[in-house]
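By written order: A, B, C and D. Residues from 1 in each chain.
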Amino acid sequence: MKAIVIHGPKDLRIEDKDVAAPGPGEVQIAVAAGGICGSDLHYYNHGGFGSVRIKQPMILGHEVSGHVTALGEGVDSLGIGQLVAVSPSRPCGHCTYCHKGQPNHCLNMRFYGSAMPFPHIQGAFRQILNADATQCAPADGLTAGEAAMAEPLAVCLHATRNAGEMLGKSVLVTGCGPIGVLSILCARRAGADRIVATDLSDFTLGMAKAAGADETVNIARSPERLNEFAAGKGTFDVLIECSGAEPALTAGIHAMQPRGVVVQLGLGGDMRIPMQSLTAKELHLRGSFRFHEEFHTGVSLMRKGLIDVRPLITHSLGMDEAVQAFELASDRSRAMKAQLNFT
Amino acid sequence: MKAIVIHGPKDLRIEDKDVAAPGPGEVQIAVAAGGICGSDLHYYNHGGFGSVRIKQPMILGHEVSGHVTALGEGVDSLGIGQLVAVSPSRPCGHCTYCHKGQPNHCLNMRFYGSAMPFPHIQGAFRQILNADATQCAPADGLTAGEAAMAEPLAVCLHATRNAGEMLGKSVLVTGCGPIGVLSILCARRAGADRIVATDLSDFTLGMAKAAGADETVNIARSPERLNEFAAGKGTFDVLIECSGAEPALTAGIHAMQPRGVVVQLGLGGDMRIPMQSLTAKELHLRGSFRFHEEFHTGVSLMRKGLIDVRPLITHSLGMDEAVQAFELASDRSRAMKAQLNFT
Amino acid sequence: MKAIVIHGPKDLRIEDKDVAAPGPGEVQIAVAAGGICGSDLHYYNHGGFGSVRIKQPMILGHEVSGHVTALGEGVDSLGIGQLVAVSPSRPCGHCTYCHKGQPNHCLNMRFYGSAMPFPHIQGAFRQILNADATQCAPADGLTAGEAAMAEPLAVCLHATRNAGEMLGKSVLVTGCGPIGVLSILCARRAGADRIVATDLSDFTLGMAKAAGADETVNIARSPERLNEFAAGKGTFDVLIECSGAEPALTAGIHAMQPRGVVVQLGLGGDMRIPMQSLTAKELHLRGSFRFHEEFHTGVSLMRKGLIDVRPLITHSLGMDEAVQAFELASDRSRAMKAQLNFT
Amino acid sequence: MKAIVIHGPKDLRIEDKDVAAPGPGEVQIAVAAGGICGSDLHYYNHGGFGSVRIKQPMILGHEVSGHVTALGEGVDSLGIGQLVAVSPSRPCGHCTYCHKGQPNHCLNMRFYGSAMPFPHIQGAFRQILNADATQCAPADGLTAGEAAMAEPLAVCLHATRNAGEMLGKSVLVTGCGPIGVLSILCARRAGADRIVATDLSDFTLGMAKAAGADETVNIARSPERLNEFAAGKGTFDVLIECSGAEPALTAGIHAMQPRGVVVQLGLGGDMRIPMQSLTAKELHLRGSFRFHEEFHTGVSLMRKGLIDVRPLITHSLGMDEAVQAFELASDRSRAMKAQLNFT
């Protein structure tokens, strides 16, 4: 089978790999669709991010779906031919955090396509994948592309849950890449009343609007709108920060009402934040990282038509167009979610 | 103007009442629609409920909307002719609970059409009503009937919020009168995944299904389904108990997973409950009573099309058909919400 | 070695049992002290409680401490001769609830001395006990009797945590057996301001007072005090119900302020409760069942002198006086905690 | 009467002021003791902090106690001669936040001795003070000095409550001025198990140890201890950051366990924080600002002997030694809390 392997910045190769039989409890999957995520782009463009760097060739990819082609010993919950979304999250099940109900903080996590730890955890951009049956959410009725959105959707559902009860809340979403737009869908699904989205790109703000944002603000063109949000003691109950950019978080903090909840979802480096404003308004700033049961939740909500991710999938390219797809996905003025087709 | 006055069980009269000018901060409203609530029916059918009894004639009604006809001194937030939903909740704003952010527990509450305290608080089933501008939620774009649903909707939004974060949760709703069906709409709006509804009436269960319940159970016909829900350590994350009936709460407790949340919304008398099951599963049983900011929230969600209450309004009768309307509203096999038309 | 075995109501026997070597990860313990709990008394006096009945002979006991006498393979966290408190809670570590951080709801729990499930889980009233090292909390500096209080203390710490943040709160404790008095110590440790305790026994109320209750009420003699607590919208922020008695819970509900938290810790059967009061005041009633990390927490707090359980240990008898000890422990007018001495 | 007035940096004057009679609902108080707070020192040393600057002469002081000398109309809850702690917090009672149960975020707050808003709110370092009876907590049995500690104690109780349920938790306190040491007392009172305190001063760390810290770390001398705390996924459940210093917050974030709670209490300017660590560990960072009901709570806990603040009062000087007292209070190597004596 073929797999997409990163060797270094801008050095992406399609390589032949051996195929093993599925072990006990596993299924073999013919991967159908795979979405390119921001972390894939960091590996592709820069060889990593922060202290996380590629030290050996690594198969990329962690947003995939596919069809079951073989069942390992003891698997009876899935059927041959069935479309499944495959969770890339593989906690150990034995450490302190797994037993605390926080498997996303597992001490021995093996998350697909991740250069941390070393040796790296190989990814899922490959034609054949063996996965535990428990990683697979049946996706009958969805397209392969939708099913491959389950992972970023789970990230956003987890963040939305971290924001707490949201019925009737006023929500600001900063950063309108796939994570931002999915967060808008999730906030709306969770009962948010007013949703405002900000970004620097009119293309992504258009997607945000289509996803249900009541108002979109291009902060490059209309920075004064942020001042209006910050007037008095601020405007919003909830901020979902999806850009990982310090100015977005800073402006967001000023825009919050006392006791508002800020969920930091975008990953960036160190950030200088207006701590006096955060303190005096008693904001609650909560980090959100990956997901757990939200993977199956998201697939279920999509299957019921309660969340529709299809408009976000702007591009689908063949596996052999991988480089072109990675370049496209890097361009926020044209692409929202670019996916690869492995069939 | 005319008003609908209860004098005793089955003694409902339409009477002439004087009209005053709106005071400072008030508006005068030509009442358009008024929904008949369970408590109105208790006064009509039995002269009250529990220790709450009619001791003097009282104008009924607390679910109303209407058009603004005059502005009192200092009111500039509303306009003549505007449709408004009128909140029946009038906390004092000065007591301990008002200052704790719990105005629904106000020590001096004056809730429309309530026989507690004495002298009774007169209700809103009348042609002309003076109300504080702050009681009024602008309802532009809604029908008068929808706007009159704001009050029971607020009750259910409050209960849903009392259940906590609900994204992806599995929810049981027991009792499918207007409060139950609205709770289904609210739970879905708040992100519930699976919703199961129970009742004894096929008519109301049909409404529950139309409102989005994934499964409905007529417990008279299929009591064994409850046993299936109770198997193992139980099935549901959340129970919204809307019937006020002891068997429904008891069955619901057995159907809950450990650490699940039970919101008791239906009002009944003393109830015998399986406390050992509740204790051993560490359930959280929370009472939910009336509402506060959820009144405006509900109107906003309806105006955005995020909650659609129209299918619940099964009957609308003229003011002079009040007795007929009260009889209809008492019949769960034919009526969901019956409203009166005051124009 | 000898063990204390229950065969039926009032049929308690001291029997010889074989001793095995400790397995991998286990330690062998010479049991020193063992406290008699309410559930032990139920087995002794009635052969069980509710649907939980003895069907075969069962070693009783789950509140024990002892000295390590041998280390199984791989154990290096404990030393020979060390005093340890032994947790009777043995969740499987693999089920849904273990992975949710709720091991007290483990689907395969093997809790010492419990007639549920069948075959029964044998208890710890024996001279020699093999236990997992992870069940053992080092108790250096404590007496064996104090260490044997770790289990009921953990139950009460868990209940106190279920009551939520308690700094400055006003707390009612109903039922002043060992669980009630330990709950007073825990509530005080957690920062409660005013603590009121109720019971029917002057002896236990005296212990409650000594444990730090600001006021004690013998409800047989001063029932009117309950009416004073219930006046207006009620008095207390928190109720820790330790009696399992319906009248205590009912009176407690009436004594609560709106939005107050009721923790049901006492185990009883079905209870008839004033649901209208609970609903209208939006009380939060939470069951509390067993414990998890609180076992180690309690030992640590005792070792630091932050909780002093010694006054509660009113009796310590030899193993061969077991029947006398069980009779004593059943008498609330003389005994708080009766312990057995196994050395 | 005389009052202590700040005119600019290092320009502190004792001036004569007129005395008015207490109005309805007020009492007149002969101020006894007044503690010098960090914000008083900012005004004294620098004329303000951040954007908060003195623009006109202002009486300093907001940590005071005194004896009631006269009762205004309608006051019957206090008696002549009674010692009271006086809360400097005077919310309006009418704004959105007052009605949300968040009076510390009052839009019209008039907090004693505060240069924000303008005209400034005059302070309480004066011989005679008229205050609302509701601002006064009866302090019978306390010394005037202890009673004057009620305000900073309330700040720390509020912060401790913001940290959530704390029974058995592992707590790091960074910065051991009066706020840090009081936070140690509060964390212990709230049930914390292990408490570690850090600072740069051996003097204040000695006070922290005396207040109950299990371990103190002088981070200038033992910075490697911080690395030990940060090892793996971190050590602490709770951080109470009392220094307002960026390095303390940064080190604290690295020392936290996943899902830990960081309470930012120290006021500083903008801070650069390790957002990736906060996000990946899903920390909860909550600002804490002032207090409300905790003022009365703190006085009650002191009166019961449950919190003992006396060791913190290292200096008490006469009103005419005010300059000397402010210099002393600025010196962390000698003074914890310096108070003025107004009698």
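Heads up, the rule we're going with is that a contact is a pair of C-beta atoms (placed from the backbone, for glycine too) under 8 Å apart; a residue touches a chain by one contact, two chains touch by 3 or more.
This is a predicted model, so every value here is computed, not measured.
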Those chains that touch subunit C and also touch subunit B are A, D
For the pairs A-C and A-D, output the one whose chains share more C-beta pairs in contact. A-D
Express in whole angstrom the distance between the two chain centres, defined as the mean CA positions of subunit A and subunit D. 42
Rounded to the nearest Å, the gap separating the Cα centres of subunit C and subunit D is 39
By the touch definition above, subunit B meets two or more other chains at residues 102
The subunit A residues in contact with subunit D across the complex are 50, 97, 102, 104-105, 107, 162, 232-233, 249, 258-259, 264-265, 267-276, 278-289
Which subunit C residues qualify as touching subunit A in the complex? 93-94, 98-103
With touch defined as at the start, can you tell me which subunit D residues reach subunit C in the complex? 157, 160-161, 164-168, 186, 188-191, 193-194, 214, 293-294, 297-298, 300-301, 304, 306
